[in-house]
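First up is the structure itself, then whatever we jot down about it.
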Amino acid sequence: MIKVGIVGGTGYTGVELLRLLAAHPQVSLQVITSRADAGMPVSQMFPSLRGFVGLEFSHPDHACLEQCDVVFFATPNGIAMRQVRALLDAGVKVIDLAADFRLQDIATWEKWYGMNHACPDLVAEAVYGLPEVNRAQIKVARLVANPGCYPTAVQLGFIPLLEAGVIATDSLIADAKSGVSGAGRKAEISSLFAEAGDNFKAYGVAGHRHLPEIKQGLARVKNSEVGLTFVPHLTPLIRGIHATLYGKLTREIDLQALFEERYQHEPFVDVMPAGSLPETRSVRGSNRCRIAVHRPQGGDTVVVLSVIDNLVKGAAGQAVQNMNIMFGLPETTALNIVPLLP
Amino acid sequence: MIKVGIVGGTGYTGVELLRLLAAHPQVSLQVITSRADAGMPVSQMFPSLRGFVGLEFSHPDHACLEQCDVVFFATPNGIAMRQVRALLDAGVKVIDLAADFRLQDIATWEKWYGMNHACPDLVAEAVYGLPEVNRAQIKVARLVANPGCYPTAVQLGFIPLLEAGVIATDSLIADAKSGVSGAGRKAEISSLFAEAGDNFKAYGVAGHRHLPEIKQGLARVKNSEVGLTFVPHLTPLIRGIHATLYGKLTREIDLQALFEERYQHEPFVDVMPAGSLPETRSVRGSNRCRIAVHRPQGGDTVVVLSVIDNLVKGAAGQAVQNMNIMFGLPETTALNIVPLLP
Amino acid sequence: MIKVGIVGGTGYTGVELLRLLAAHPQVSLQVITSRADAGMPVSQMFPSLRGFVGLEFSHPDHACLEQCDVVFFATPNGIAMRQVRALLDAGVKVIDLAADFRLQDIATWEKWYGMNHACPDLVAEAVYGLPEVNRAQIKVARLVANPGCYPTAVQLGFIPLLEAGVIATDSLIADAKSGVSGAGRKAEISSLFAEAGDNFKAYGVAGHRHLPEIKQGLARVKNSEVGLTFVPHLTPLIRGIHATLYGKLTREIDLQALFEERYQHEPFVDVMPAGSLPETRSVRGSNRCRIAVHRPQGGDTVVVLSVIDNLVKGAAGQAVQNMNIMFGLPETTALNIVPLLP
Amino acid sequence: MIKVGIVGGTGYTGVELLRLLAAHPQVSLQVITSRADAGMPVSQMFPSLRGFVGLEFSHPDHACLEQCDVVFFATPNGIAMRQVRALLDAGVKVIDLAADFRLQDIATWEKWYGMNHACPDLVAEAVYGLPEVNRAQIKVARLVANPGCYPTAVQLGFIPLLEAGVIATDSLIADAKSGVSGAGRKAEISSLFAEAGDNFKAYGVAGHRHLPEIKQGLARVKNSEVGLTFVPHLTPLIRGIHATLYGKLTREIDLQALFEERYQHEPFVDVMPAGSLPETRSVRGSNRCRIAVHRPQGGDTVVVLSVIDNLVKGAAGQAVQNMNIMFGLPETTALNIVPLLP
């Protein structure tokens, strides 16, 4: 059994990790920390876990995380980077669901996240945990930077086109829409039901922290910068991201075949039949990304539609997928979940 | 023109007052206070008001409220009671949308609201602003306590039955459901879209502050205590209250005729035809209460269905109705709004 | 492996059966019928099932259902009663998720469902599939009438009180609220997003088909009629039922202990701690019923709050639970699902 | 008083016309037709209109529409074109809220709408009712083709850029999101609450009927074809369209000033301050279009955000605006409505 610890278990990625790990046959949940709620049974905060998780929240100072085999950080940005070194030194593997280790360029990270980085050397070691790109490195990693939700949906949609070199890389557009759980379980007015309900808006148009992460991921494909306009929107969903991606074709290609071949061995990327229109609910609660590729009116603009559940493939599910890879388990263990529809 | 001031304009009752007063032909909006947002244009916080409200939020200390003809308090409980006396002394009429003046029994108020009352003598003077019951007193009042949202929906549904003396008063049941805006524009986790959305729950079963207010209102009818079980629920609506009321009939009566006669001259209470099932959206954005009365299977249980928009008839609209009455205007001025459906 | 057939697989109970059965380790899905969509891959209608269900819809005339071990009817009322006899004669067990076999009194059934019953003798044989009441009979049944969604939530809430004989049985009140999926996957204006969204209403106040079913279930406890007022409401949820139940206590009792003892061995009934307020989302996607019992202000009215997922414990999940019992499997097989929250 | 008739009053544009016209001081509502519901009081179908609209639905054959001054068609496509000539001949002005007269090219219309056009000569006469472009022609028109919802939001966002000639016209992208009321009050499975709720998807990617309408409108600006990729999405809103528009800048310009100048005299187009992020709810129930223009990271991609209420500025409100213009009334009569927020 893999002994698992979770730092910061009171947010949506935390409860989602618990949902998935509670059903994982190789996992023994050891500890979940919360500074504010130490001593409270986890299932009191999340009654959905009654009967599944018997743990109480532990105070971070007495959590004995170094006795775990792997620790997930489901914390705000800037927390993991202060605690990871000690864990790695103790032989614990770490998967950070926050952004601390996602950007290889430290200056870029510090600019977008507004703080100094505590351990640039570990950034260099960290593996970006997008299995469809980095599976081999994840397998041997001590420290995995779990991708952001938008970056997962956007990269999986663009990568086949970029790898094949069939679209102009200077003018990519990603028009992305997220459910409100993406804002986290934080008491903020903009996330209130009476604010976000029956309402639709763009945000972060001037600049969103996922922009450099996406650009880094896309640039790796060809070892060259890409030009990307990224506009995220808030939509009255609880869960789900829908990315609508636009690119200019530079040469003829069978787009459907391209995508199907790229992802034919991927357990969690479903290239839908030509003409499909993936719905966010078709992946609700599951680790799948469903993708369809279109070429409207046969023009030279390719449109890719990519949907994920932001809390699963966009966060906790991908983290468990990474754990499975890191520990040599079948990659789909505990993740082969039928989406909840309706 | 009536010079109007609003204390505490940044919540949902505040913006709703602004929506209604901006279209009121006899009102000149003078001042809106907000300690935290002084200096910000009101329409920056609420873009829906762009083009309608040119004011900025004023700091409460420099608001010159005593130059108004009437001041609305759209503040948390416990604020109005500290400021009302000075305004009344300056000849300003006051309508409090919070609970400070709703309960005549000071001990009861202090128990439910957890603080000492600052001006018990003014409580004695205050008129409970339910026009369908107290129109004459409101007309001459200096200080009106605007009713709570649940109390409005529940009292209007029970009053005809109690006045006619046709139901047992020891075992009334009010099963009420409210939209999330009823919790106010406050950053609380329980009101988040991802918490309150696609979810339904009861709350305050052990005791809710609107219970003593409702009991006081119903007791007045017959000058005797009533026994009431009140269970409020949170439902994924933005606006709307639906009260389902149960009582035991003690004698035969034509229920439909009883309700129609009671409310025949009321501009804002619509007794629907027999068999109707009022929807909350049929009053969305309007000051109407729609009521239907049923007697399932011809038994001795009467079921009353009563719907209001919690922000209008349950708050700001009723406050404007009270203002109209206090200033001798036609009662429907600025309130004859067609509900927004769908 | 249990060979399973489903008649009528295109509605919400159908797709929910598929979700649960696709993950059932002892089930081999043989056939799913749909007259209108014969030949279409199931996963084309429900993309959530892509990768999990490879079957196509079969035309009912060529479905070879008699080769199954068990057949689920997820059909409109009145279909199963015409087909069940032949299946039973062929040795196939049947679980009907519609209402054809729920009411033992044929005249009552014919009145509420507006048609003649095709096989009254099989009604007499059928077992009402509420395991918490009828587990032993279900174990040996050939034909199980799966309970309705409201009846499940309401009966589980009232039964401990009735069995203990501590409430007046002449004036029970069940104020129930259902998500819109309860209306089925049918093209009806009243179920449109723009009609049912941001709206709340009662319906069926004059009489709902689940009323006689609930009354039958409650009457069985004491072998005597109960007086029940049942008011269902439509609330803007996708899934979920919240029943708020009211009864008059006739003698003192420890209500919390009563409920805990009654359900201590039930795998799918969770009696929550005293003071709890169960949320519908705490059972989303799961077969659990969560219950809390209250006695507001220590008065003589008991309030029971009971929540289920109408498509799981209220339909498909309970049907699988019944199948597990009928085939001697552990009752929780394929049903020990962590609810999806948020 | 202007005598008004409405053909097809049972859909969402019909009830919205009634909401607006019931409050119009110069309008006398004469007749509303519905073949299926003739004889039913309008307020029975739409209880929101109780107390405001006393009419019953009339059978189209006995509607005496030719005695009206103006007739609105709120009908499915293909109805108005068969009835308009007789009305025009009788001296009645006509505003068609459907698509019959929107496309000047008959072959294009017949291709996209799948039927032969009944009166191509009247198409030539019809004026496209976008006041911000065609106000002078609308003033003298007998027949106005009211624009589609998406075309209104998209054209108002692109027009300033095209008129100024500052973006490449061969690669425009319009990523648009609509609330579900845009699909009409039709019993369709895809519009059910349990289908469209908590779900997000693109549709019509291969081709949507509003594409040729938008292209026609944009081409008129420069008398030359534009290249446009238009991807509409369905989002779980009741009302609202959010169009996110992308174009490539071809020369430097002060975008904020450009938009402000273009719309400075338009009563219903609100250019928001630089950096704004318009929300759909900020125009809920109102005839306003709110627009913000962005240039992310100072690059050469301009992003325009344009929001309208699809049932008001996108349908009924714009129709009333056109009526006001056609009859020489102040353009904002009955349309100066404060949006409903929250």
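Letters A, B, C and D name the chains as they come in the text, with residue numbers starting at 1 for each one.
Note that a contact is a pair of C-beta atoms (placed from the backbone, for glycine too) under 8 Å apart; a residue touches a chain by one contact, two chains touch by 3 or more.
Not measured: the values here are computed from a predicted model.
For chain A and chain D, which third chains touch each of them?
Neighbours common to chain A and chain D are B, C.
More contacting C-beta pairs: C-D or A-C?
A-C
Of all chains present, which has the mean Cα position farthest from that of chain C?
D
Report the inter-chain centroid distance for chain C and chain D in whole angstrom, where each centroid is the mean of the CA atoms.
Comparing mean C-alpha positions, chain D is 45 Å from chain C.
Could you state the distance in Å from the CA-based centre of chain B to that of chain C?
Distance between chain centres: 39 Å.
Cα centroid separation between chain A and chain C, in whole Å?
36
For chain C, write out the residues touching at least two other chains, lowest number first.
In chain C, the residues touching two or more other chains are 12, 179, 181, 185, 194-195, 197-198, 236, 238-239, 278-279, 281, 284, 342.
In their shared complex, at which residues does chain B touch chain D?
Residues 12, 15, 19, 22-23, 46-52, 181, 185, 197-198, 238-239, 270, 272, 276, 278-279, 281-286, 288, 290, 338-342.
Any idea which chain B residues touch chain A in the complex?
Where chain B meets chain A, its residues are 12, 179-181, 183, 185-189, 191-198, 236, 238.
Show me the residue ranges of chain C that touch chain B in the complex, using the header's touch definition.
The contact residues of chain C facing chain B are 171, 173, 175, 177, 179, 194-195, 197-203, 205-207, 227, 229-231, 233, 235-240, 242, 244, 246, 248, 275, 277-281, 284, 294, 296-297, 299, 301, 303, 305, 307, 342.
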